[in-house]
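What follows is chain A paired twice: with chain B in the first complex and chain C in the second.
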Partner chain A sequence: MSLHSVPKPEHFDVKNLSRILLILLGIGALSLLITLVVGFVAPPGSPLRRQFAFSWLFAFIYFFTVLAGCYFWILVHHSTDSGWGILVRRQMENLAMLLPWMVLFFVPLFLFRKDIWAWITVKNQVHVDPALEAKLPYFEFRLGHVVIPFFWLRTIFYFLYFGLAAFYFRRTSLRQDADGDPRWSIQMRGVSFVCLLVFAASLTAMSFDWIASLDYHWASTMWGVYIFSGAAGAGMALIILVVVGLKNAGYLWAVNEEHYHIMGKLLLTFSIFWGYIGFSQYMLIWYGNIPEETQWFLRRNVESWNVLSTFMVVGRFFIPFLYLLFQFTKRNPKFLSFICFWVLAMHVLDTYITVLPFIHPTGFQINILDLLCLFAIGCPLAFLFLRTIGDVPLFPARDPRLLESVNLSN
Partner chain B sequence: MIISEQTQAKEETRARAERDERPEPLVRPGETFRSVTDKIGGIVLAGRHPLGWWISFGIAFLLVMGLFYAIAVLLAIGVGIWGINIPVAWGFAITNFVWWIGIGHAGTLISAILLLLFQKWRNSINRLAEAMTLFAVACAAMFPLLHLGRPWAFFWLLPYPNGMELWPQFRSALVWDVFAVSTYFTVSVFFWYTGLVPDVATLRDRAKNRFSQVIFGIMALGWRGSANHWRNYESAYLLLAGLSTPLVLSVHSVVSFDFSTAIVPGWHSTIFPPYFVAGAVYSGFAMVLNIMIPLRKWYGLESVVTEKHLDNMGKVMLVTGLIVAYGYIFDMFTAWYSGDAAEQYSVVNRAIGPYAPVFWLLMLVNVVLPQSLWWPYVRKNPVPLFFAALSINLGMWLERFVIVVVSLHRDFVPSSWRMFIPTGWDWLTLFGSLGLFFALIFLFVRFLPMVSIFEVRELIAEEKEGAA
Partner chain C sequence: MTAAAARRQSFAVVAEFGSAAELYHAAERVRDAGYRFWDVHSPFPIHGMNKAMGLGKSPLGYIIFCGGLTGFLTAVGLEFIPSSILYPLIVHGKPVDFFTVPAFFPIMFELTILFSAFTAFFGVFILNRLPRLHHPLFDYLPFRRVTNDAFFLVIESGDPKYSETGTRDFLQGLGSKEVKVIYAND
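For the complex of A and B:
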C-alpha cells in the first residue's frame, strides 16, 4: 500500500500528561534538593563531597552523551540526504533541544571543579607533577601576564555549539512547516556538513576535557571515538523509545514497522561499532602494556569493578548484538523497546565504570547519590521534553520528501 | 513591483531546489535490456579492443616482466638487495603490502556493504571493484612472502601438524594477518564468482565459437536462469554479503594491529584500527576511479557508469578522507598530550626530520588536495576526479611509508638510528606489482564482463517502473 497524499500535521496534547508531569517535577525537585544540599553541606575535602561531585559528573556525562547522540542523528540525516526518517526527525530535534539546558546542570560541576578534576589542584602545588606540566597549556596557558583558561573556554564553546546548532535545526525545520519551501532542506544539508566536522572535533575534545582529564596521565587516541560510539547508540535507543511512546499514545500513525526496522538496524550497527571500538582500544593497551596506559583499565579490572567491566562487555555488546540480529526483534515495537531500555541501562553502566572508579579504587560502592543525581538531571529533562513536545507538530508535515518516509519499505 | 520581484526570486530558488532534489538516473535514458547486453557482452565476445587497451596492457606487461626479474634476483641473492636495514627492517615491502590491501577494500565494500544498504548505484561498478579487490589482495599477499627472506618456507606461517611440534607464534599480529588476508581473499573470490555466474551464462548463450561456448559453459555451472536458480542465487549472494561485511572491517583492523600492538613511537596508537579501515576505503575508491574513468571512456560505458556514480564515489572518498584527517590530527594531539618524549619526538621528526618532504607531500596530496571533492564540479567531471583519485592513491602510499619507515628509522636509541634509502630493486618491485595489477585488470576486461549485465538490466527495469 502506498500513500500519495501527505499526512496532516499532528499535535501532541499535553493535557493528558499533567499527572506524569507533576510526578516528574516532584521527583526531580526532591532529588535536586537532596543532592545539592548534601553537596553543599558536606565539608570540603570530605568523601561525601567527592561522592556528590562524581555522582553528579556521572549523571551529567550520561545525559549529555545520550543527547549529543540524538543530535548526531539529525546531522547524519541531513548530510546523507536520507528520506526514510522524515517522520521521526522532529523527535530527534526535540531531544537535541534539551542540550542547551544542560548548561544549567553543568553549574554544580563548575562549583565543585576542585573535587573533580585533579589538574586544577595539582597545578597550584609547589612541585607540579611533570606529567601535568607538559600538558598544562591544554588546560590553561599564559599570554604575557594573562592566564587563558583554555579548558573553560572550550567548555563554553561546547555549550554554544551544541545549543545553537540544536536550535538552528529545529527552528529551520519549523520554518519549513510554515512555508513548505524545499530551500530549507537544502540549507540544512549544507549546514549539517560543517556541523558534522565541528561535532567530531568537539565531542573528541570534550571526552578528553571532561572525562579523560580526570586522570591526566592517561591518553588514548581512540578515546573520542569510544565516547562517540556509546553516545550514538544510546541516542538512537532514546529516539526509538520516544517514537514508540508517541505511537502507543496514538500519534504518528504513519510510522510503521519499516521505520522500526531501520532504526533497529542502526542500533545494531552501533552496538557492533561500540564493541569494535571498545575491543580495539582495550586490546591494544593490554598488548602494549605501557604503565601510563594500562592504569586506566587496571583501575577498572580490579576488585569488584572487574565484575561490572566483564558484565558490560556482555551487556553492551553481546546481548544487543545477538538480540537485534533477528528481523522480528527490530520490527516489533515491544521487542525493540525492550532492547532500547537495555542499551540505555548499559550506557548508564558504561558511564558509571568510566567515572566512578576514581573515587572508589577498591571496588564499586553504589551510593544513593548516584541514583538521585540521575533523577536530579533526568526528571527535569523529561519534564522539559514532555512539556514542550506539544508546542510543535510531531513531524515535519511539509518536508518535500515526507512521502518517501511514509511509503518506506525495507 | 518589489513584491513581484520577491515572488520571482522565491520561485527561482524553488525551481532550483526542485531540480536539485530530482534523482539523477543511474542508467542514462535510451539504454534497453538488449543494448546493455550487447554493449557489455560485446566487449568480451567481439574481442576488438581500443588502442588504449593495447598500449596500457603492453606497459603493464613489461612491468610484470620487470617484477619477475626483480623477484628472481631477490630469490637468488636475498633481501639484502633492498634498502632495508636494522632498524628499518620493514621498508617498501610492508608499505606496499598495506597499500595494496587497502586498495583491496573497495570491492567488498561496494559489493557487500552497499548491497546491505540498498545502494542501487553499486550495480554497475561492483564487478570491476570486486575483480580489483582480488588482484590487489594478490599483489599485497606477495610482499610479506617476499620479505620473509626464505619465501620457499612460507608454509611455516600456517599452523599444520608437524613432527617437530613447531607452531606459528599465535600471539603475533603478523600471524593474525595470515588468517585475515587468506579469509578475505577466499570470501572475495566466492563473492565475485557467485555474482559472475548469471553473466557468464549470458556469454555462453551468445558466444559464436565453440571454444568460448565450452569455456563459458563450464564456468556457468549449469545456470539456466530458472526461478529456482534465481531464488538460490539471491539468498546465497545476500549471505555472502553478510559474511563479507565484517571482513571489510576486520582485515585492515588486523593489518593495523601489526603496528599498533608494538610500542614503537608512531605505531602504538589505539585509533589505528578504524583509521586504517577508513584509509583503506579511501584508497580503494580512488583506485576504482582511476581504473573506471579511462575504461568507461574507451568502451563507451558512460551510459551505465554515469555522473551519478562518479559523484557518489567522490563523496565516499571525501568522507573517508576526512576520517583519515581526523586520525592524523588526533594522533598528533595525543602524542603531545600523552607527554611521552619518544611519542612527541616521532611527530616532530615526521614534520622536520630527514623525511619531512615526504610528510608534507603526504599532507598536500592526501589531506589538502582531496578537499577539492567538496565541489560538485570536481566530483562530476571525469578529468578532475581522476586526478583527485590519483592524488589520494599517492597520498595513501606515502602515509604507509611515513608510518613504516619514518617511525622505524629513529626509534628509542639515537645510536641505532639509520636512514632507509630505497634501491632500484625496491622501485622495480613496487612498479612491477603495479604492472601485475593492471595486467590482470586488463585481462579481466578482455575475458569477462566488467560491468554486471543482469544487475544493470535490473536498474533499467526499475527505472521503467519508476517512470510508469
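For the complex of A and C:
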C-alpha cells in the first residue's frame, strides 16, 4: 500500500470561508466590546471589576496554554527527529504563530493587575505579610538600591521567547519549502533542543507568575509540570481537530488513519500524564497536611467546587483514558475528534477550577463574563488562524522526509 | 525412490529473498494465494508486514487488559478489606472509608502495571508456543543468517494448499533467490 510519489503542495482556499470569518469577527468584536466596556466602567474595587479581571485571566490562560501546547509539539517533532508528522507539522506551526498575538490579550491583565495579583498591592503596605516578604525577591529583583520588577521582565521574556521561536520555526520551514535544502531540517533540530529547555523553564515560571502567585502563600513543586501536562494534551487535541477539519474540507489527502492513530496515542499519553501529575501533586499535599499547602485544595474542595473538582478527575483522566485505549477510537477521525472536543472542554474546566475559586470561595458561580471572555479571545484567534492559513502551503512539501510521513504505518 | 526416502515427511518450503522490499511483496502474493500456515523471517521488524501478511489483530491487548484489571481489583481488595473493614485504624487523622483512596492509588497503580506486565510477558510466550527448544528450520544452515542479512519466507506442510512441488514452484515464481524443501528429520 506504499506510495512512491511525493504529494504536490496544497493551498487552502480562504474564499469559501468568508461567511464563517465574518461570523467569527462579529462575535469576537461584540464580546470584546461588551467585556472591555463592563471591565472599564465597573468602579474600582467592585466585585464586577474583579469578576471581569478574573474571567479575562481565565480565558487568557486557557488559550495561552493550549497554544503553548501546540508549540511544544513542534519542538518534540524536531528534537526527536520524527518523520511521522511532516504532513501535519505545518498546522502546529500555524497554531503556534498565534502565540505572538497573545500579547495583545495580555494588555487588559496589565491594566487590571491590582485586581488580579494581590501581592502587587500588599507589598506596598506597612505590615507586609511575612510569607510575601520571603517570596518578594522572586517577583522583584534588587540590584544595589534599585528594585527591578522582575515579574514584568519575565512576562516580556515569555512573549519574546514564544513569539520569536514560533516565528523562527515557521519561517525556516517555509524557507525549506522554497529551496528544499535538508540543512534547514538539521538546523531546526539543533535549535529545538535549546528551545525545549527554555520552554520548560518559561512555562514553569509562567505558571507560577500568572497563576500560582494569585495565592502567593501556596507552594507546590509540581505546579509547573501540572500546567504543562494539561497544555500538551489540549494542544494535541487542537492539532487533531485542525487536521481532521482540513481533511473533511478536502485537503491533506495524504493524511490517513495511521497519522490519526499516532496523534491519538499521544493524546492518550498526555491524558495519563495529566492524571499522574495531578494526582502526585494532590496526594503529597493531602498526605503532608501542611496548612500552607492544603489551602489550595481546600479552596477547591468546599461547597460546589468539590463537585467540579471530582468531575474534572473523571472527565480529564478516566474518560479519555478508557476511551482512547481502543484502537478504533484512535483510527476513526469521527471518534477521535469527539474526544478532542471533550479534552478541550475539560481543559476549560481545569483552567476554570484553577483561576475562579479566588473570587468565588463559597462555590462556583458561572458568570456570563466567563463565556464572553472566552469568545473575546477565542474568536479573534480563530479568525486570525483561518485568515492566515491560506498564506502558506498546508504541509512542508519539500521536506526531505515527506515520503516517510506519507507511507507511515504503525 | 527408496523406502527410507519415502518415509521422510517434508516440513516446509523455504524461500530466500534479497531485501526487505522483495520479502514484503512476496508476502502480499502468498497472502493473496490463500496460504494460512506460513511465516516470514527477517533480521529486523518490517513496517506494514502484518498488513502484507494479512494478519489480524493480536488478541494480546485484550488479554493484558484483563490482567491489568485483575491487578487493579487485587489492590482494591487487599487495601480496602483490611484497612476499612477488618482493622480500621485512623492514621495521620485520615479517614478509613472510601475517602482514604488517595493513599491507596499508588498500590493500585503498581499492581495494575505489575499484572499487566506479567500478562504481557507470559502472554507472548504462550501465544508463540514458547519455550520451544528446537525447530526444524534450524537444521537448514543458511537460515542462521536470518539474524544478520537474510530474508526468508516459510510455508509449512500443515497448510491445506501445501504440495511439495506446487508450493516450491509458486515460491520460485515470486523472484526468490533460492527455494529449498526442508525435511523434519534431516
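Definition applied: the second predicted complex is superposed on the first by the 408 of 410 C-alpha atoms of A that agree within 3 Å, B and C clash if a C-alpha of one lies under 4 Å from a C-alpha of the other, contacts with A are read in each partner's own complex, and residues count from 1 in each chain.
To be clear about the criterion, contacts are C-beta pairs under 8 Å (C-beta built on N, C-alpha and C of every residue); 3 or more make two chains touch, one makes a residue touch a chain.
Only a predicted model underlies this, so the values are computations on that prediction, with no experimental measurement involved.
Annotation for the three-chain superposition on chain A: chain B and chain C clash.
Of the two partner chains placed around the shared chain by superposition, chain B and chain C are both touched by A:Y287. By the touch criterion defined above, A:R171 lies against neither chain B nor chain C after alignment on the C-alpha atoms of chain A.
Once the two complexes are overlaid on the shared chain, A:H11 sits clear of chain B and of chain C alike.
When chain B and chain C are set side by side, the one touching more residues of chain A is B.
Look at A:I186: by the touch rule set out above, it reaches chain B but stays clear of chain C. Shared-chain residue A:Q327: touches chain C; no touch with chain B.
After overlaying the two complexes on the shared chain, residue contacts for A:Y138 are found with chain B alone; chain C is out of touch. Working note: chain C versus chain B after chain A overlay, options 9-17, 81-89 or 117-125, clashing stretch identified as 117-125. Looking at chain A, you'll find residues 287, 289 touch chain B in one structure and chain C in the other.
Residues 10, 13-14, 17-18, 20-21, 118, 249, 253, 257, 260-263, 268-274, 322, 326-327, 330-331, 334, 336-340 of chain B are the ones that touch chain A when the two sit in their complex. The part of chain A that touches chain C in the complex is made up of residues 1-2, 279, 282-283, 286-287, 289, 325, 327, 409. Taken together, the chain A residues at the contact with chain B in this complex read 130-131, 134-135, 138, 181-183, 185-186, 197, 200, 204, 208, 217, 219-225, 276-277, 280-281, 284-285, 287-290, 292, 400-401, 410. By the touch criterion stated above, chain C contacts chain A in their complex at residues 47-48, 51, 57, 61, 65, 92-93, 102-103, 105-106.
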